[in-house]
Amino acid sequence: MTTNMMAEMTWVEYQRRVKTGPLMVLLPLGALEQHGHHLPMGTDHLLPLAICKAIAERIPAVVAPPVAYGYKSQPRMGGGNHFPGTTSLDGSTLTAIVRDVIREFARHGVRRVAVVNGHCENAFFAIEGIELALRELRAAGINDLKVVRLDYWEFTTAATLDRCFPQGFPGYALEHAAVLETSMGLQVFPELVRMDCLVDDPAAVFPPYDVHPARQEWVPPSGVLSPAKGATREKGRVLFDEYVERIADALSKEIEEAQR
Amino acid sequence: MTTNMMAEMTWVEYQRRVKTGPLMVLLPLGALEQHGHHLPMGTDHLLPLAICKAIAERIPAVVAPPVAYGYKSQPRMGGGNHFPGTTSLDGSTLTAIVRDVIREFARHGVRRVAVVNGHCENAFFAIEGIELALRELRAAGINDLKVVRLDYWEFTTAATLDRCFPQGFPGYALEHAAVLETSMGLQVFPELVRMDCLVDDPAAVFPPYDVHPARQEWVPPSGVLSPAKGATREKGRVLFDEYVERIADALSKEIEEAQR
Amino acid sequence: MTTNMMAEMTWVEYQRRVKTGPLMVLLPLGALEQHGHHLPMGTDHLLPLAICKAIAERIPAVVAPPVAYGYKSQPRMGGGNHFPGTTSLDGSTLTAIVRDVIREFARHGVRRVAVVNGHCENAFFAIEGIELALRELRAAGINDLKVVRLDYWEFTTAATLDRCFPQGFPGYALEHAAVLETSMGLQVFPELVRMDCLVDDPAAVFPPYDVHPARQEWVPPSGVLSPAKGATREKGRVLFDEYVERIADALSKEIEEAQR
Amino acid sequence: MTTNMMAEMTWVEYQRRVKTGPLMVLLPLGALEQHGHHLPMGTDHLLPLAICKAIAERIPAVVAPPVAYGYKSQPRMGGGNHFPGTTSLDGSTLTAIVRDVIREFARHGVRRVAVVNGHCENAFFAIEGIELALRELRAAGINDLKVVRLDYWEFTTAATLDRCFPQGFPGYALEHAAVLETSMGLQVFPELVRMDCLVDDPAAVFPPYDVHPARQEWVPPSGVLSPAKGATREKGRVLFDEYVERIADALSKEIEEAQR
Amino acid sequence: MTTNMMAEMTWVEYQRRVKTGPLMVLLPLGALEQHGHHLPMGTDHLLPLAICKAIAERIPAVVAPPVAYGYKSQPRMGGGNHFPGTTSLDGSTLTAIVRDVIREFARHGVRRVAVVNGHCENAFFAIEGIELALRELRAAGINDLKVVRLDYWEFTTAATLDRCFPQGFPGYALEHAAVLETSMGLQVFPELVRMDCLVDDPAAVFPPYDVHPARQEWVPPSGVLSPAKGATREKGRVLFDEYVERIADALSKEIEEAQR
Amino acid sequence: MTTNMMAEMTWVEYQRRVKTGPLMVLLPLGALEQHGHHLPMGTDHLLPLAICKAIAERIPAVVAPPVAYGYKSQPRMGGGNHFPGTTSLDGSTLTAIVRDVIREFARHGVRRVAVVNGHCENAFFAIEGIELALRELRAAGINDLKVVRLDYWEFTTAATLDRCFPQGFPGYALEHAAVLETSMGLQVFPELVRMDCLVDDPAAVFPPYDVHPARQEWVPPSGVLSPAKGATREKGRVLFDEYVERIADALSKEIEEAQR
């Protein structure tokens, strides 16, 4: 049986992969968060997990179990943490998870890690986890670990944005449970997308600041920040393929560095 | 589409489940840990996840995404944390995860949670996470949350132990990657069990104390603490069914309490 | 003597302000961070401090001492934390500062706080500090504190951007030590801007991901991410006035809410 | 433009200072704390900041931005933390700030730091921050960082005490917002001292123990622990000059050690 | 005067012991916890302290002051943390104590430490403390520290169990304040055992899971988990001697390793 | 058997004491720290423990197990933390212990606690522990807990100081392992005082600042900060009796407050 999923490998298989070449461990980061009436709450970890799996078919990489809980949803990018079902971690918890598992990958002999993020709010706590891991590893005498961190949607090309948003792109912030994620969902986990439940709320309009506790009246009741009705599986396929290809290329370059 | 997996549900579906009845959230806790040459490293989270899924078919419950990383493997129960692939969290990290997600379930309106553990070393850090969540929730005025915590193997009946171990049961501690887990694996994820890779090490013999850093020479090189060769899918089925039935019964009783 | 700076007030004067009306405490958040060869390292706290001072002349507000140290500089928005002089806090430290001082403002009787951020990397750690403060305060029975959090540059109007960037706006991320901050500096602390030291590096070009430790070769040696040579005091005045006016308006509205 | 204030320097200027000689970074620690009806709440950070500035004119030193929030005011030395306006940090927060910034100064290449404290309650949390920084730095292979820590008032000579207190010195603990600090304030920030608001409370009398929560009735309502009416600018000048001269001498000696 | 108790030694005597041979520091871990109507609340730290003292007469070892407070009592092993008098630490606190003192012993030059535990619930938090200390020490360049960790009751031989429990051993979990601990108490601190207060509750019967907050009705009101009436001083003497001898042998072997 | 030591009481006895009257729990705080060639390293916890025991004979109080490890020894008050044998905690650890046990005493129904400190360096970390406990308890709805905190030596009368120091009192800071502590030791644990090992070092002379890491050359090699040769058991008796009487009086007054 061959698999690139760490959880499905025996330690012997994993060790062989680590020893026989520059291997990258991919760590998908996500969330359990409301995604409107039509997308599953796991969207933010299911998408980067699928991307990582596909990447690992192209480059020498294994996929660690995803971190399925993320940092607290923010109104202007995820609708806010007041929705039932949204299940979030304190920032220090997420940071600690990322720090701990990277420390362990390094102990295994791994020298290339990619943290592939699918939930915007995770970014800085993941960065801190990486920084703390690197600080500890330097103290332990390990100086050659490289960690790539990325938000998968940053790999969208302008051409694809144009294609997906013929009437203009509203920006990533409002793309929560909207065209991009819904299209991706139709491609990656079509059985979990309830297109019949799509709510036709207008796009949310936020002032340029936050109020805590969240002003729930600013957020569309559905939790969808801009209309998803333009979503199609075809768009999802284009996006998914683009992410896989472009991220794989980037990571590939970073793995090669290890060999010099 | 009906599902009991939180990650596959929309927030609307989940909210409905929470509102319409006493609902229990099941949180599978596991590890990413060496399990010999024949079992996948995800064994400790894949098994409780499968048990939870089956339980949720029988009682009003939903299954939260599993915590796939656990506390550091100890030689006398898991072979030790020095194996490549074993990817562990600091105790405070695991405690924080459990605390955070329980705090969130309570915010959703859930009043019954079960932490279903598949990795022995997790137990006390999970307990602390539960205790810290309850302390915080009391401060927030929530006094009626009940959290069940269990290690699934404690539900094995004496009769089943006799059946699985005709020559006598070596004790749970040595059952790492051995007859119980291997049989369960053959039932739950047969495609991930490499019976052809089974190493025929004798049972490990430990003195009644630990040494840190681990005395690696005390641990069988395979990581298997007692022979797994008696494992069969049939035993796995019996064990799995027993766990599902008996744990479901216990949780059912705890859910009913909520209705009084 | 009248002053709106908390550090310059006696406790009696402050108490009077708190008691006699809905008062907002403004907390400037910044950094001590390289800002090229021409801007002082305090830029990120000096600018929000100046904005807060001017706001406090227009609305009922006092200005708390700025947090002069911020979260670790990131290559794609601040050049990276490897520069000498950049003096950063761990994420948990910044979170703790924000949490602690908000908790204290609430104890004083303040019910409106605005965290006015001048350093992009601070945002999420400040959010977490606010969230943790609110959680603690709820446990202490204080449920009516509202905290506004903002990044001052998000208040720039499209018209002003057009005016400042006749050849097109490169985006806020690359605006580190560039036209916006330099123009603002010329307005706010002209004596600290060394226009003669301006380095004419081309704009930085980053791939859509991070590598940790930072790839220093991706960052212009000067630390300036896009050319600052279009900066003028006139632009700075326009920007500054716009920020003061628009933020004051927003905060004013939030203060009024307290009176209903 | 020449300045010794880190926040006003560019990174290039700072780097030059670090590289061209043994340079000491001065970190003023203070508080935002009630200081009676006549002194500003920033007294405890404004005074050490002024002292540091003057020291940096005499010895090769730069002044880092002051830490303007301190540890919780204690009744017997600062009147207690129950006063409105007093804005304090948890001990762990203050410790973390000191640890983090020292760690950064060391990264810059600095090998001499002085923590100049103006708020009695800060002392031990600053000590712990220094100790934690040194522990981390040793792990990172940096063994030659020296950190001086001082409370500026400990540099008062007996002669000056006699001069300032012709009727006998009541002890530093009761000198909160009293003769020493008020005199210093008249010298350093005369425009912020409201001598007309001076309350003529008798000196506080405390039993030799604390009660938590603070017995507010033990503390003079003004927050002044002993009469300030003997304060004069002349005394302030003498004190200030003495502190600057004697501390500069001490630090100078410590800097020289670096050159051997 | 000769003593093996660190608290009774001068630093000079201790230093001599450390320098002149392989010395082991014994750290007794216990609790302050209800032990029924007849045993003192200090039982869990008094017993390992007595064992350590006796061991130190046989092998080159000194005894550090016991940690008299332990982790929260669990119903199934200690009756639960709801009893008055039971005074427990958070898990992270216990971990930090163990980490800190081991770090210090290592600084003294000690290379063999034994953590001798008398309270079941402490085990994993002590393990984490040891692991964190070792991680820090490795970063500090100390790689040869060995820490033994043991629960004293694991050294009971089958023969002694037979002798103490002629009607069969109920298992260690239920042995809280029961035959083993009471017999040991009669041997070690007879003046503190109130045999006349012995409550004749039947053995507790627990389901194979925990509920948090504790189901107090599951726990015998006395706090004794199984009958103690079979306890005798004679049994206590046998147990105590066996623990001392067998643990001393084990530790002796570990000390010898240091000399190779 | 009657005892006031919590560790020697059963939970039933303790509960009776808590229920039948205003009861104070005394928590002795100390250290394991070098005390010259003649005093045991436990001096700082043995002395407050003895004082607490004697106080509990006079007022309604029980004595909790002492905290035998304290905060890091500082050169100017304890000789510094570089001595072998000195075994110190991080500040956050000591704070956590104090917080945790006070939280537990409050759960027991206790409403008066006294933290009796015997190690100068502990003071502020104990204060923080008390403050954090009170904050948590307030959140839990407990508002009437009072915690006294004291350093026993602050109860020395001027008359006794004159008697003990006919040639003038050098100040408490230098009284480490000197006349006061040695005299007290001769009274409280004469068998542990090695008067024949007394080193006749002159008093230490420190500059008015600290250097970290400690300048070991500033500290007398014996660790004694001023000559102990004037110590006598007679002085120790006077001091001890005075502390017991005066502290008992103070605590008694605080207990009475509870009854109003």
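All chains are identified by letter, namely A, B, C, D, E and F, in their written order; residue positions are counted from 1 within each chain.
Rule of thumb we're sticking to: a contact is a pair of C-beta atoms (placed from the backbone, for glycine too) under 8 Å apart; a residue touches a chain by one contact, two chains touch by 3 or more.
Since we're looking at a predicted model, the values are computed, not measured.
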Message = Show me the overlap between the contact partners of chain C and those of chain E.
response = A, B, D, F
Inquiry  = Just to be sure I understand: going only through chains that touch, what's the smallest number of steps from chain A to chain E?
reply    = 1
Task = State the superposition rotation angle between the two copies chain B and chain D, fitting on C-alpha atoms only and giving a multiple of 5 degrees from 0 to 180.
result = 180
Message = Can you check whether chain C and chain D touch via the same residue numbers (shared by over half) or via different ones?
response = same
Rounded Å distance, chain B centre to chain C centre (Cα mean) = 46
Key: Separation of chain A from chain B, taking each centre as the mean of its C-alpha atoms, in whole Å   = 26
Key: Touching two or more other chains - residues of chain C   = 90, 92, 139
Query = When you check every pair of chains, which ones turn out to touch?
reply = A-B, A-C, A-D, A-E, B-C, B-E, B-F, C-D, C-F, D-E, D-F, E-F
Query = For the complex, which residues does chain C have touching chain D?
reply = 1, 3, 5-12, 14-15, 18, 32, 34-42, 45-46, 64-66, 68-69, 83-90, 92-93, 96-97, 100-101, 104-105, 108-109, 191-192, 194, 197, 223
Key: Residues of chain B that touch chain E when the two form their complex   = 71-72, 74, 90-92, 95, 121, 123-125, 127-128, 130-132, 134, 146-150, 154-155, 207-213, 250, 254
Note = Listed in rising order, chain E residues that touch chain D in their complex are 136, 139-140
Query = What part of chain E is in contact with chain A in the complex they form?
reply = 135, 138-139
